[in-house]
Structure formats: C-alpha cells, structure tokens
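Chain nomenclature is as follows: A, B, C, D and E, assigned in order of appearance, with residue numbering initiated at 1 for each chain independently.
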Amino acid sequence: MSIHYFANPTRFTRLAGRVQPWAAGLTVVLLLIGLYLALIEAPADYQQGDTVRIMFVHVPAAWMAMFCYSFLAVASAIALIWRHPLADLAAKASAPIGASFTFLALVTGSIWGKPMWGTWWVWDARLTSVLILFFLYLGYMALWEAIEDGQKAGKAAAVLALVGAVNVPIIKFSVDWWNTLHQPASVMRMDGPAIHPSMLWPLLIMALAFQTYFVTLLLARMRMELNLRRIRALRLAERTS
Amino acid sequence: MKIFLAIISRDMLLAVRQGGATFLALIFFLLTVTLFPLGIGPEPAILARVAPGVLWVAALLAAMLSLDRLFQADFEDGSLEQLTLSGLPLSLIVLAKIITHWLTTGLPLLLAAPVLAVLLNMNDEGFEALLLTMLIGTPALSLIGAIGAALTLTVRRGGVLLSLLVLPLYIPVLIFGVSAIDAAVHGLNAKPHLLLLAALTVAAIPLCPWAAAAAVKLSLE
Amino acid sequence: MFQGRDIACERGERRIFTGLNFVITPGQALVLRGPNGCGKTSLLRISATLLTAADGALTWNGSDIAENPEGHRANLHYIGHQDAVKGALTVRENIAMWAKIRATATDHTEAAMAAFDITHLADTPAQYLSAGQHRRTALARLVASPAKLWLLDEPTVSLDQAGTECLQQAIATHQAKNGMVMAATHIELGLDDAEILQLKPQ
Amino acid sequence: MKIFLAIISRDMLLAVRQGGATFLALIFFLLTVTLFPLGIGPEPAILARVAPGVLWVAALLAAMLSLDRLFQADFEDGSLEQLTLSGLPLSLIVLAKIITHWLTTGLPLLLAAPVLAVLLNMNDEGFEALLLTMLIGTPALSLIGAIGAALTLTVRRGGVLLSLLVLPLYIPVLIFGVSAIDAAVHGLNAKPHLLLLAALTVAAIPLCPWAAAAAVKLSLE
Amino acid sequence: MFQGRDIACERGERRIFTGLNFVITPGQALVLRGPNGCGKTSLLRISATLLTAADGALTWNGSDIAENPEGHRANLHYIGHQDAVKGALTVRENIAMWAKIRATATDHTEAAMAAFDITHLADTPAQYLSAGQHRRTALARLVASPAKLWLLDEPTVSLDQAGTECLQQAIATHQAKNGMVMAATHIELGLDDAEILQLKPQ
C-alpha cells in the first residue's frame, strides 16, 4: 500500500477522534429536547390523537433515508472520479446507517398506517419507492460483501450507487406524480412549510438529532474500517516477509 | 455417514462464504413478490385474491434460480469429480447437496412467506395453510430441481434450458400448494390437498437423487 | 496391484486406443507418454472410473473394480487438469475440507502444506493465488489424506523448479510406503525407476 | 465499425450454436405467464385485469435471467480479455454485446407478447400499447441489465446477487410500461407514459455501456 | 521498441514487485523467469493493459501507452492461462473468428492451423479437443492475425514435443519479421538469443 494512502487517513483519524465526542454529546442533548417537545409539549392532533407523535420519528427517519443515499452517491462519485480513499470509506460506512434509517421509516410508517389507513401496508408509489430504496441499500452492501478485493469492491459498489441514485428524486416526487394515500410534502417544499409551529419545532429538532447521530456513527464506522484495513495490511506484510 | 455430513458442512460453508447465498435467494423472493403489486396495481381486494398464486409462483422461481448453484460451480472447477471419488455412492452425494440447497433456499422462503402474505393482504385463515404447504412443498422443489440441474450441467449457461425442464415438473407442486391455501382462505378443508402434496414429496425422496446421480455421472464422462 | 487388461477407449464415437495393457505393483510408478490427443487423460479417467472403458477390464488385487466402484474410488487420488480449489476458501480450508470428505482418520493438512511449501499462504483465500500456488494447493490433497493409488494428469503444469521438486519428493515418499502412481506428462518427471507406457495415436 | 459488427456476428453465432438461446428465453417467458392462470385460477375478468402486469413482470424476469449469458461465459474462458484487446474501446464492445442480448431476448419477447395477451384475455385496445411499450422498453432492460451483469462478474454464481442489483433498477420500466397499457385498455391517452419510457431508454443508451464498461474493466484486473 | 520503466505492481493491497525495467527491441525476445507467485503473469497483464501498474510507465517507440491504450492493444497478442476457445465452435471457426475481430486484412486462418499442425482437426468442435489440442488452437491465433508484440504466459503448458517445436518455429518466424516477444515460462523455451528477466519474490 502506498504512502499517500495513509498520510491523509491518519490526519482524518485524529480529526475524527476530536469531532466524534462532540457529535455524540450533541445527539444526546438534541434527542432529549426533541423527545420532550414531541412526546409531552406538542399537542395531540385533533384528528389523529396521540398517534400523530409517531411522526416525530417517522418523518426524520424518512428524510435521513433519502439524505444518506444522496450522501452515498456523492461520496461514490468522489471516490470514482478523484479516487479519494476517504470518500470510498465514507460511502461504505454510510450504507448500513442509511439502510437502518430506511428500515425505521418503513416500520414506523407501517405502525402509523394501521390506525390511519386500516392496513399495515399499501402498495402506493411512495411506500413502494422507499421499499425499493431499502433494496438498493441491501444490493449495495451485498456487492461490497461479495467481492473480496477491497479496492475492486469499492469501485464496483460506487458504480452501482451512482446508477441507483435515480431513485431518490422518484421517492421525493412520487407523491406529486401519482395520486397516493400518502401525505404530500408539507415541510420541505418550495413555498415554505405548511405546518403548525408547535409541531414544526420538535420535528426540526428531532431531524437535527438524527443528523448528528448520523455523523457520530459515520465517523465511528469510518475509523473502525480504517483500523481493519491497517490490520489487514500489516498481516499481509507479515505473511510475505 | 461421516462423509455425508462432511459434504453438507462443506456446502453450507461455501454457501455462507460466497456472498451469503441464503440471504440472497430470500431477497429474490421478496423482490419478485414486490414486483406484482407494482404491475397489477394496489387494490387490496385483487391482491388478496391473487396472493397465494403470486407467493407460490415467486417461491418456484426463487428455488429454480438457485438451482444452478447446486452442481454447476463444482462441476466447472473439478470439485464434482473429486466428490464422486470420495467413495460415497453418487446418489448420496447428490442427496447431501439437495439437503444443503433446501437449507439455503427452501427454509428461508418458508420463513419469509408470512411477512409477504401480510403485505399482500392475505386473510388470517390462509396463514397456517401457507406455512404448511411451504414446509411440505419446498423440499420437493429442491429434489425435483436437482434432476434438471444435473441434466443441464454440460450445457454452458444452461439457466434457461434448466427452467424449461424444471418448471413443468414444478406445476403439480404449484397446483396442490395453491389449492390448499385457497381452500383454507375460503374456510374449506385443506387436508386432501396437503396430503397430495405430501405424497409428491415422499415419492420424490428416493427417486430424484437417483435420477440426478445418473445425470451427473453422464456429464462427467 | 492395479492392472488393466485389453482396455479400449472410445470418445465421441471414435476409437482412441484399443488393447491397452498395464500393471502397477505396489511401490511402482507408471508414466504415460505420447503426443497430444493420444488418450492419456482418457486412460487416467478410466482408471478413476470417471469414464467407462469401451472394452477390457480393470482389476485391483485381482478383483474386478466394476463390482465395487465406490471401494475403488476410496482407494485413489485423481489430480486432473482442473484444480478443484475453491476461491472463497483459504488454502488451509481447501485442503482440510477434502481431507474431511475423504474421511481420513488423522488430519495431515499441515504436513501437506509443508510438503508443497505453501504454509505461508495457509490463510490466503485461494482466489488470490498465482497459477503455481493454485496447483500446489491442489497437489497438497495427495498428502493430506492417504490413498494407495495416485492418478496424476500433467501434475507439473505451472509449477516452478522448487514446486516440481516438492512433487518428486512426495511421490518418492508415497512409493516408499508401497503406494502406486500413474502419471501422464510431456516433460521429464524425474522419477527413479518408473516404467513408461507409450501411447500411440491411432 | 468492422470490429463492432464482427463481435455482434460472433455473439449471434454463439447464441444460435449454444442450445438455441433465442428459443429458450422465449420459453421461459411463455412458461412463467402460463404459471399464473394455474396459480390464480381461470376467471377471465381477473386474468384480464392482471394481464399487463403479469406480462411485464414475466418479461422483466426473462430478460434478467438471460443476463448472465451477457459476459459470464466470455469472462470465464478468457474471451472477454481477448475482446478487450481487440483495439475497440471497451464501452463499444459492451454495446455490441448489449445489442446481441436484445436481439436474442428482447425481440423474441416482443414477438411472443401478443399471443400471450390473447391467452390472458387482454382487450384489443391494449394490444398496440403492449407492442409499443415492449418495443421501447425491452432495450432498456438489456442496457440496464448489462451494468448488473458486469458488476457481478467476479462473484461466483452471482445470479441472485444480479437480481438484487438489477430488479430495483428495472422497476421504472415496469411502472411506465404497465401504466401505458392500462391507460390504453381504459381508453385513456397512453402517450405521456410512452414518452417517459422512451426518455428512460434514450438516457440509458450512452450511460449504461459506459458504466458497464467500467465494471468489466474492474473485473479483469 | 517496447519499454517499461520503474514498473511497480500491487495486487490485493500487496506489493508484488517494484522498480522493474525492461526493453524489447524489434526482433528480440524477453523471457520472464522466477518462482511461483513472483509476478510474471502480473507483468504480462500490465504490459497488455489488462492490469494497471501501481507505478512507472510503459512506452511504445517512446510514447506513453497510457495515452492511447486502444492503439497499443491492437498491436499485441496476449495468450494467458485461459484459452478463450469456444467449445461450441469448430477449431477453424474459433481461429477465424478471432482473426475477424482483430480486423485482419488477409485471413491467415489456414496458415495458422498448418503452423500448429491442427489442420486435421479443423472441423472438430473445440469441446472434443484434448488439453494439448485446445492449447494449440489458442496459440494459432498468434499466426492468424499479425501483431507486433506477443505476450505469452506459459505457452507450452500441455504441449507435447511436436507442439513445442511448432511454437518455437512460429516465434522464430515472428522474430525474423522484426516481431517482439515477451514470454513467462518455467521450462526451457529453446529460443535463440533471448534475453532473460529474472523476477525475484519480494
């Protein structure tokens, strides 16, 4: 393994080591505030009652599901074009996190769906496209697993991630393109949010908490992966000497 | 017997190592079932109506697609002839491979089927019947499929030929499986259908490994 | 004693050879030689019961092997053009796996790796091996589980000088223990007092 | 250009020689569609209702199953590296192979679809739309599939992984294809859906060979 | 003139060799030697642009081949461990097909079969060939369409004496026409005045 490969990552490890505790702390604080506001402060909905509180987990999780895939695609592009080794690492590390958020969005959505729509699941465009997003994550991770050579696997997975990125806009706009059961966007839309501030604030704080949680996990996974690679390189060097 | 178990444990190890085959056959099953609502449309009544058929067809296809794993890789890299030379009768070697195939495809399908049944809006009466038919029927899929897999060994990329040979043989399994579930869903007695299905599987246990072994022998010549 | 009488071979409806006779006594090696396409591989596969002879009989200590092919198979090792090495498994796992399938009483895997000088590769997945390392892994099977008869089809392919010597050493040890060897080759194997069977193209 | 045509004619020759691949992809399509009436039951109204979906899903699966023919055999026997060394840019070589794949799978499916539509009781308004969507959509299946086939080259028995990678990418084709037919069947305007489908195919023509070539290059390293 | 300067090779995150230099002038042959796993195959694949060197540059008559890899590829023949011979096609079809894909002006297929003495097998489907016949079919590609640089990875594997002589003859003719050869081998190839590049395991 060449020298420049480690020069950068070493600096990264140091930096990440410093950022990580802050991100972790921030996550805890934001989560505490967010949960307090969401579960206790925020009013119950006049239609939905207390089930509306699922929203404070469901919506940020759904946002993160899409955000993580975008992050994954951008990191893959950087890895493929500029061959930046950290981008490769970041892409690999973000996939399982994104998959978990997607799973969370699916599960909370289903739990919400049972009282709201009367079934756990409907095959409407948004729900289906999120399910497909989940499969894309799985495919991406499976490809990493299936190819033994780390560098090759990284490039192959990056190609897949870029091709799969077409799905993200489909999810985002599916509610507008097909008439579905699912709610259209009321927060992230062009002409400003259309939701009462008493619900908006906890929602935004929860979203921020999920975001910092993502950063914490990402840094941890990247450092772990770097260490694994170092150990492997050492072992290889040992074996050949 | 020691050799028999050694072959099974080897195949399981390879299945786990080579990209988590277990996990992936399952994924194909999930994906195919997901395609149908996309194609047919989301109406719950229609979905519930076609659910048993869709589930069984998808299971059939998933089992069939993973058939090429059964012998092909071992054939191409010379492992199959080495296995033949292990001293165990060839039909037992084949049986060991069929068992691994069921463990890595039939069993996961069986476990995933209830979840998909919920997604397709199948009613609760059908559940038990679905599980039972899968439990009885999927071993037959592995057994019958082995014959096709062995016959198409020397055909390069025999995948499609394989399906041509195997799918017609799978049809009885499909028919009994679906009719048992349909009967249960409509509150009728599913037992006669289940018995027929069981008869099929029991008949396949001695016959299929023997026929597949003959085909494997041929392909090594 | 392994003996072939009047063996004939037919492939693709064409006679490759007829009336072939050979005897291998314990401790002896028989080297098959002849130009490309004369039937060396075919004869080895017939001896391994992987191919059916068009005519003639093979006997093991006087009894026809057709009567108990499974017993015969358990007595032999066949190393063909294909290595039967799994890329997903490490070198050690590959060798140990075959030893287990041959139901060996004691596990000689480590000795086998030492014999072919691949101990340093023991934990490398086989897909990263060079051609010669791959071949050595296949050959290590010979040592990992004992068998009375070795059938070797061009065993030195891809081996370097050191690898060839490892093989010669393994064969010599095998012969010293009264083992039998039948090998097809185009280049000198360097076996002491091996008999040579020259196959002629028909 | 001469080399490009030489590669296409070589692949066609091989396709014809190796057990009539053309014929067999078709057979898989026919068999899968036939399984449905068996699984769902014979009621004409329900069959007609699900016909477009079943046809497209079966086409998707047939195309996907024949994807492993695209590069795998050539990869394993060293032909793919020889092709790379022909002096033609790799993405053009890949394009040549994609064209052969379409000629041996997409085209036969297109020709068989109307017959099956009759069997499934589809009404006459849907026919034209069915043919049009197949004509526009099947090339996209070959193009997108090539990426998956190239990515799974080094993965032994990557068949199921291939489907996990490819099926999610096929879904837009499925959705636009079915909605165009559904629109036509119900007397609505199918044109917007057809245009979306065409846009998809057109976008895939430059992008997919490029991505697939990158993946092939990787697997040869 | 084909030249490599300071070539380094990395496989599976491990350095195989570094700082390797070689020059092949028209009419010259370079033979790569070294123990199993020292990187002969890797060097040949780098020379064919099938593998990317971790460091260093390859030049063809002074210009970097990275600038025009397609042009370089059209200039060379690579014969690897795999034969790229299709079982479903006959020997003649196999050879002619590759000549066509190499866009050769005149078709030398018959001459190629004669050069490797497989004319009598011309109409045999390749799946029925013995190991040596298969290899000859692969080697016939060298003659069927001309290329300035031949990259040969253990070309004599499975060949009998006569087959090896055919290959030697073909190489001699190629060199006489100012062709260049780079060959990896474990056994003596018997080339006149070939230079030898000894690779050392790291």
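Note that a contact is a pair of C-beta atoms (placed from the backbone, for glycine too) under 8 Å apart; a residue touches a chain by one contact, two chains touch by 3 or more.
Because the structure is a prediction, the values reported are computed rather than measured.
Q: Which chain's centre, taken as the mean of its Cα atoms, is farthest from the centre of chain C?
A: A
Q: Comparing the two chain pairs, does B-C have more C-beta contacts than A-D, or is it the other way round?
A: Between the two chain pairs, B-C has more contacting C-beta pairs.
Q: Just the number, please: Cα centre separation of chain B and chain E in whole Å.
A: The mean C-alpha positions of chain B and chain E differ by 45 Å.
Q: Taking each chain's centre as the mean of its CA atoms, how far is chain A from chain E in angstrom?
A: Roughly 49 Å separates the two chain centres.
Q: Provide the C-alpha centroid distance between chain A and chain B, rounded to the nearest whole angstrom.
A: 35
Q: Please tell me the distance, in whole Å, between the geometric centres of chain B and chain D computed from their C-alpha atoms.
A: The computed centroid separation for chain B versus chain D comes out at 25 Å.
Q: Can you list the chain D residues in contact with two or more other chains?
A: 18, 76, 155-156, 158, 161, 164, 167-168, 171, 221
Q: Give me the residue numbers in chain A that touch at least two other chains, ranges are fine.
A: Expected reply: 132, 135, 138, 142, 146, 149, 240.
Q: Please output the residue numbers of chain E that touch at least 2 other chains, ranges allowed.
A: 12, 81, 88
Q: Considering the complex alone, what residue numbers of chain D touch chain A?
A: Contact set of chain D toward chain A: 144, 147, 151-152, 154-155, 158, 161, 164-165, 167-169, 171-172, 207, 211, 214-215, 218-219, 221.
Q: Once bound in the complex, which stretches of chain B touch chain D?
A: Residues 18-19, 21, 24-25, 27-28, 31-32, 35-36, 38-41, 46, 49-50, 52-54, 56-57, 60-61, 65-66, 68-69, 72-73, 76, 155-161, 163-164, 167-168, 171, 174-175, 178, 182 of chain B touch chain D in their complex.
Q: For a test of understanding, state which residues of chain A touch chain D in their complex under the given definition.
A: Interface residues on the chain A side: 80, 132, 135-136, 138-139, 142-143, 146-147, 152, 155-156, 159-160, 162-164, 166-167, 170.
Q: Please name which positions on chain E make contact with chain D in the complex.
A: 48-52, 70-71, 73-74, 76-78, 80-86, 88-89, 93, 97-98, 100-103
Q: Using the touch rule from the top, collect the residues of chain C that touch chain E in their complex.
A: 11-12, 34-37, 41, 81, 128-133, 136, 154, 157-163, 186-187
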